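Given below, in the form of structure tokens, are the structures.
Same chain, two partners: chain A is paired with chain B first, then with chain C.
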Partner chain A sequence: MSAVTTARPAIRARLPHLGRSAQVGVVLAILLVLFVLLENKFPWPSGLIYPLNKRFDALYEWIVDNQNSHWLFLYFFNHIANFLDQLVAYLNGVLVWLSWVGVTAAATLITLRWSGRRVALLVCGSFLSFGVLGVWEESMETLALMLSAVLVSLAIGIPAGVLAGRSDRFDKAITPVLDVMQIVPAFAYLMPVVIFFSVGNPAAVIATVVYAVPPAVRITALGVRGVARESVEMAESLGATRRQVLFGVQLPLALRSIMLGVNQTIMMALSIVIIASLIGGGGLGDTVISALSFLDVGLAIVASSAIVIMAIALDRATEAAAARMDASRHPEGGLRTPRFSARTLTAAVFVAIAAFALAARAFGIASFPDTVGVGDFIAGIINDVITWVQDPTKPVYPVTSWLGDHLVLWGLEPLRVFLSDSPWWAVIGSAVAIALIVSGVRQMIIAGVLLTAIGVMGVWGPGMDTASQVLVSTVLTLFFGVALGIVAAETPRFEQTIRPIQDALQTLPQIVYLIPIVALFSVGRVPGVIASVLYATPVVIRLVVVGIKEVSPAAVEAARAFGASRAEVLLKVKIPLARPAIMLGVNQGIIMVLAVVIVAGLVGGGALGYGVVVGLQRNEFGDGAVASLAILALGIVLDRVTRGNLQRRSI
Partner chain B sequence: MVRNRLWMVGAVLALVASGCGAQQSPSSDGGGSAAGGGGGGDCGDLTINEQSWVGSTANVYVAKNLLENELGCTVSITKIAEIPVYEALADGKVDVILEDWQHVKLYKKYVDDLGKVKQAGSLGVTGHIGWYVPKYLVDENPELASWQGVAENSELFQTPESGDQGQFLAGDPGYVTNDESLIETLGLNFKVIYAGGEASEIAAIQQAYAQEEPLLFYWYEPQWLNAALDFEEVKLPKRTPGCDADPDNVDCAYPDYDLRKLYSSEFAESGSPAVEFVENFKWSNADQELVSKLIAEEKMTPEDAAAQWISDNKDKADAWLEGISS
Partner chain C sequence: MSEAGVVQDEGRRAAPTERASDPVISARGVWKIFGPQAEAEKIIGTEAATLPRAELRERTGCIAAVRDVDFEVWPGEVFVVMGLSGSGKSTLARVLIRLIEPTAGEIRIAGHDVMAADTAGLRQLRRGTVAMVFQHFGLLAHRRVVDNIGFGLEIQQKPKEQRLDRARKMVELVGLDGFENHFPDQLSGGMQQRVGLARAFAVDPEVMIFDEPFSALDPLIRRDMQNEVIRLQKETGKTMLFITHDLSEALRLGDRIMIMRDGEVVQQGSPEDLVGSPADDYVRNFVQDVPRSQVLTLRWIMRDATASDDLSGPTAPVDEVVRDVVSLVADNPKPVRVMDGDRMVGVVDRVAVLRADGGRS
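Here is the complex of A and B:
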């Protein structure tokens, strides 16, 4: 802790003179000096380690011994598990009964009714493509699982969001909980979920819900808060009760936000389909995982593209539905259908769906026509491309292996050594100092406590290893994200071209492309870094584009009037003014990178991710739980250190 | 407001319309438990877990083919990881696993103490784990065929990831390994780098072969890749009684594993003809590798590969079915 006391007065004294980045530079310089002088002299002291993993192991033993006798399991966890199991089975049953004809008709008609013609066409094509790719049944299993998770998430999230929207105190209490749920990589809480709910659909639903609830709560709260004061006051002045205000004014007016919450919840749920299948989730995740175990990357990509297609279809459908709800509030939106009432139309939609399903059964076309080979054909092409790319005699491999080797030699390894061989107190001291400079006193305390906790749990070394991987990945992500973001903001055509690529990179499960990356960059930490850069860059691009586009036209006009060139406007006006958005990108980028560096524990990334994998695969529950907690701590530390004075992280 | 209610009316309508059908449809995966009641003859549903290596896929699909076509069972497949699957066996989410690499600690807990899982006999396949190097390496450097030779040439195996030590490529962290302990006890200058899974380890091995680079790796048989690439096993010190009793102090080769079949106690007592089939199911390393190779190298679907093996080996398949009334 002495670094805190030595470093802080120096910084305080300089505060008025130095800019923030210069102060951070000073802190890092001090750390570097301490590293050179005291390398390896102060490893985390063994006296400061609390054997938390042993505690968890004892707890695990107790749970395994008691799960059939203790009331907590008999009357609580088991009931939840049974309920979820039946919910998934029921929804799956409904989808099977509807058959592909009924499901496609349902998806198309529902989007036609609530989202519009163009989206309906997209949705129709998307659903048919599941069948054409030969993964209809798996897609429906995934859909059933996802719908269950979304229903549960909304059942929890919307009421909680309404409460948070109406009560400041509840909002304050729940915000840190939501932060935690969003920061912890899903991989980290698989073990606890398995312990309490066993494996299978219930566990998969729970793991998904934990991940998908926060956006539902946040957006609903935002929506309820966003309802204009005057509307509420007017209703109150007319004598409406609190309940009437809620159901008559606030909820209907917040409907659009709530719909957007549904949209985000669906996206989140789809993005952990693969991870959920590691604990018995089934569906497309299973197809992807077994294809990978046969090294059939082509098939894995075909199966995961079904996930991507499902995500894009549901995203556009819910987005359009939300936009329409907005329009239908204003009479000039012109969406009122004068001839038929809304009720008749809705009823017609559902009658038509049932009719389609019954007709499909009657005519015996309930199973999707065998489109032999379309999926295989595409998978074959993908496999050929991958084989070519991986071939060491072709021009790709020499470049990638050189890059990979040097990323380790010049980036990952030196940084790991720097962080784990510096005196531990100096590392904590500098992190605390940087948190103070960038984000203020409260965040400083949180960062200091949690970083110390990582050491106390006995995983200081792996923790610093993971931190070094996250930092290297973040630097790369920001480099590409900011550069591409600026180009995209300036050239709309470029932005349109990369949008689908961004969508795909964000929803495509990382595990799918880790294997070609392993072949190209060799086993170790690099594959994880590459995968996380691919995953996080789209978000940074998006935030940078939004930031630059929102720079007020007046400022730009003024600069032009003074004869600034396009480059000057960009560098001197737009980018400085877009800084808050870019900082948000840094923050979001780090969190997303962390989530994937952990998944890379599966392919030799080592460190904390490896700890979680071992915990899951080798039954070392205590070690796995400690690694999960350390990831959580590291995530919060990185979030707090980089958060700056942002009011609230975006969804 | 109005719209909310309409959603519900519509949803209820649709659910009512489909509810009756839903009940008749086969229950979703994961929930499939053993044949209800235990009346003999009727096979019913059963769930087999497929593990993350291709050999396991071969077992599962050959068994599934025969169970469904010859005994009229409905087989669902789950893909739960190697350890959590014990929990699934214990609470009946999974009925059978066909290839277990002797997780002795878990046997004690789930088989002996809790009694929820039972041994279903040997799979007939012998598992072997060892250290391997490519044959081209031994052709150049014959001393690399033993651990002493490998120990003296650790610099040959250096990579950026392993620094100034040699790299030892390990597989899935979930697999049974003594590698770290062996390296320490034998005093080798090697660092263990986990590939993380069979697929990524194969990708790394294939890449080394394509470039004829040195590589020392954890490997095992039966494995289809053994037929496709020439491996040379590195001789480790001979086994002596108790040499691997202390997991932190192992100084000898891995034992051979008699791979086991396990089923849940509930399933074992269900009286389904599938129980007897699972007990009879037994084949050789060569048989399993044949099917694995069709799947992994020739990219056949597991269903087709299993069907092909069965039609080529009618006698073996019939032996498993003998005496079972379906």
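Here is the complex of A and C:
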């Protein structure tokens, strides 16, 4: 039966005379001809623009007028805002009460209890470094903000994930929603959140939650689904109720996945901390943003280092905890009875934390000892380095400016002109045609409608600008990602070398990439492109490596047995078989690139990202909201145009 | 097709006429059609129901996994359902306790009307009456052996002491002494399935359903485990429904065997019925490599005595397996007289024994 169904698409795919890439090439060639013939003849017609930004402005005015009278706010939004405000304040209060001694002790002892000795040492050092860098209070504000967001995300994400894991219908219903939530760059959430919750910690928490919930749901659902069907059937065959199945079988066996979901949620929350401070989130993010606005790159880097340190510490701690929770892992032999029961140990941990906090108060060391401005010192050095780097008479500046100029001259600008000065109908037409060739009819319709919507909202030009930046970055990302991925898959030693770099790069919040790069390449479109390549390449590398490594060893062995050389094995067996994974890399890469390109609006990237920045900074809510919607549309278009590919191939 | 048609039961333990009690499991006209429920129900009773599987799927999008299956399992019997993968045997096992909801049919287990049971009734049936052993064991990796074995009792909310007590007894029963506190992944496959067996026995069910329990095990261990089942069955006298795709396992364990293909019952009968008179080519193919002399009894190869036979030879009972009279005919040139009690029912000579051993009848 299955042989019949798999054979069919293959036959159909072979029917057209041109391969898919050739078809795409033809479409692009037609577009190029139209561009040459009709350049600038068909800008987006003003008659086709609907003033959506005015509508949003009106909505915002209405909200401002009714915020304290309308039931929607009195009984819904304001309650949520108040609750979140109190939650953040409460957690912050706890952290302040514990003092730096108590917090460091808590972090260390908790990781010691659940994650192991080595990680505990790392965590202890990390927390002390916040104080040493002189950003203890800001770090604690960030921690409180992040913990609130993580708590809310998990409170929503875990039950929803369990439900999605147990009910196919619910899973089907929420999958497209989660897809969209993950495709849209976090930057685009900010505007709508501000409109409903105004600026402040609650808005920051909500933006973070929207960003962090999808992985929590997905990983939990995956964990619950990953529990062997037979285990569930076994419990049912013994007459277990649904509750008994859930608590006796599914949850315990999915515990590790759920813990990984917690890990992901924390990482997502930390990666948006800086962005969230644009809408009123305090703490380290705020320090970074205000330092940037004073062009104090040194301070920005110090503060973002604290975020990165926090991210790495919490990542390793939760990851180790997850590994320990693996249902099938247990202390050697599992026969030794531990000296203390789990409960006693847990109780001891909390007693010790309280003791540390009280002792710190009693001995009057509740505030972190003045470290004679270590942070300022480091920031000063960084600033000196940057001044040196930016000095045209020194060796670095000529190189980077040459690179940056050429990237603009030969990549970004021609492509932007090509996309925005071609007839608009030709651009939409070719995008639709490519979507059809690559992904099928449904995705074609979605892409066509959303692309048109970008024009109708009146942001065709910025939209094409963003698209050109994304395309240039994606091409670079794929070039480096696929090449390095293949090398890494073939040479284990190289993979081991780049692995820690990859891990580190993946823990960094998007915007942290931008800061040093801005220093190197100065503001403009270039830092966004380079940062996005750095941000997305590790993921592409990883997917390519996984894809190539998962190629069946039997196929490789067979090719070798027929006398294929290493290059032939790679080109004729491994890469073709790894194609679905590589295509997934294209899709993921493009989405990640988009996220950074948008954030780069903060450092002169212009285009749609800048629309959001202006909206936030100058209270141009209508324009900001329109830019956000256009980002959302563009994200979905890019995803749809590239994703169909992998679904078809994976049949 | 076959002269025998569907050969009905002639169990080794008791012939149907002698059975005083009711069957433990009785299934009548059981159907399972995968697909939209409304669509599936429409199929039964129409000519679509008789279509071959592929055609039915083409026309309606439904897959008939179990088609109109009838059978009974009697107390203390080991009833084997055999078929290749995709024959619907595992679906049938799940349908019986409605782990998979049957599309139609009548199922009674130990006096309970399974189809009429509500959620609570069904739960009651699964908790006390039936226990299942699974192909991949279905053990919980995060629990120790005793806690796995006691899981069924935990579901029944039995107090912890009682649970552990019973679980320890079961550990002993299946020969896992000393491994009580191990985790499943510290045990070999065979030992893991012993845990699965113990878990099923722990709830003291009336019926045990085995779903290809040994097919994931190595051949030697499989043999061990089969012996273990035979031993446990003798010790406890449990009624067992055993699903397998392995004919030799079916012949070893089964008092009666039901062969399925494409969701339908092809033949039901004792091992010797299947080997002696296969219902069609499908079954014949299956049993052609079986060493017939080890399965067939003298009943299958004897002939009526003629005037030329010298009836002063040795005797052998009619339900003796052919292999066991080989040395008898080797030592005696005269035909062996086949006895049903005191009555002579036929004779067997050297030629018949050799032919039976050689294959063709």
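FYI, the second predicted complex is superposed on the first by the 543 of 651 C-alpha atoms of A that agree within 3 Å, B and C clash if a C-alpha of one lies under 4 Å from a C-alpha of the other, contacts with A are read in each partner's own complex, and residues count from 1 in each chain.
Everything below uses one rule, namely that a residue touches a chain if its C-beta (ideal position, glycine included) is under 8 Å from a C-beta of that chain, and two chains touch if they have at least 3 such contacts.
Just so it is clear, the model here is predicted, and its values are computed rather than measured.
Visitor: Considering only the touch criterion stated at the top, classify A:Glu236 as touching first (chain B), second (chain C), both, or neither.
Guide: second
Visitor: Quick one: is A:Gly604 in contact with chain B, with chain C, with both, or with neither? Answer first, second, both or neither.
Guide: Once the two structures are laid over each other on A, A:Gly604 reaches chain B alone.
Visitor: Check the contacts made with chain A and report whether chain B or chain C touches more of its residues.
Guide: Between chain B and chain C, the winner on chain A residue contacts is B.
Visitor: Just to be sure I read the superposition right, which of the two partners does A:Gln244 touch: chain B = first, chain C = second, or both, or neither?
Guide: second
Visitor: For A:Pro252, select first, second, both or neither according to whether it touches chain B, chain C, the two together, or no partner.
Guide: both
Visitor: Is A:Ala228 contacted by the first partner chain B, the second partner chain C, both or neither?
Guide: second
Visitor: Scan A:Val96 for contacts with chain B and chain C and give back first, second, both or neither.
Guide: Only chain B is touched by A:Val96; chain C is not.
Visitor: Shared contact residues on chain A for chain B and chain C?
Guide: Overlap of chain B and chain C footprints on chain A: residues 248, 252, 255.
Visitor: Along chain C, where are the residues that touch chain A in the complex?
Guide: Where chain C meets chain A, its residues are 54, 57, 94, 97, 99, 122-128, 130-132, 134-142, 144, 151-152, 154-156, 181-186, 199, 203, 209.
Visitor: Can you tell me which positions in chain B touch chain A when the two form their complex?
Guide: Result: residues 1-3, 6-7, 9-11, 13-15, 17-19, 21-23, 25-31, 50, 52-54, 57, 77-85, 87-88, 91, 93, 105-106, 109, 114, 159-161, 163, 169, 172-174, 193-204, 206-207, 210-211, 295-296, 299, 302 of chain B touch chain A.
Visitor: Show me the residue ranges of chain A that touch chain C in the complex, using the header's touch definition.
Guide: 1, 228, 230-231, 233-241, 244, 248-249, 252-253, 255, 327-328, 330, 333-335
Visitor: Mind pulling up the chain A residues that touch chain B in the complex?
Guide: 64-65, 85, 88-90, 92-94, 96-98, 106, 141, 144, 194, 198-201, 247-248, 251-252, 255, 277-280, 282, 286, 289-290, 292-296, 342-343, 346-347, 349-351, 353-354, 357, 383, 390-393, 404-406, 408-409, 413, 514-516, 518-519, 522-527, 601-606, 610, 613-614, 616-619
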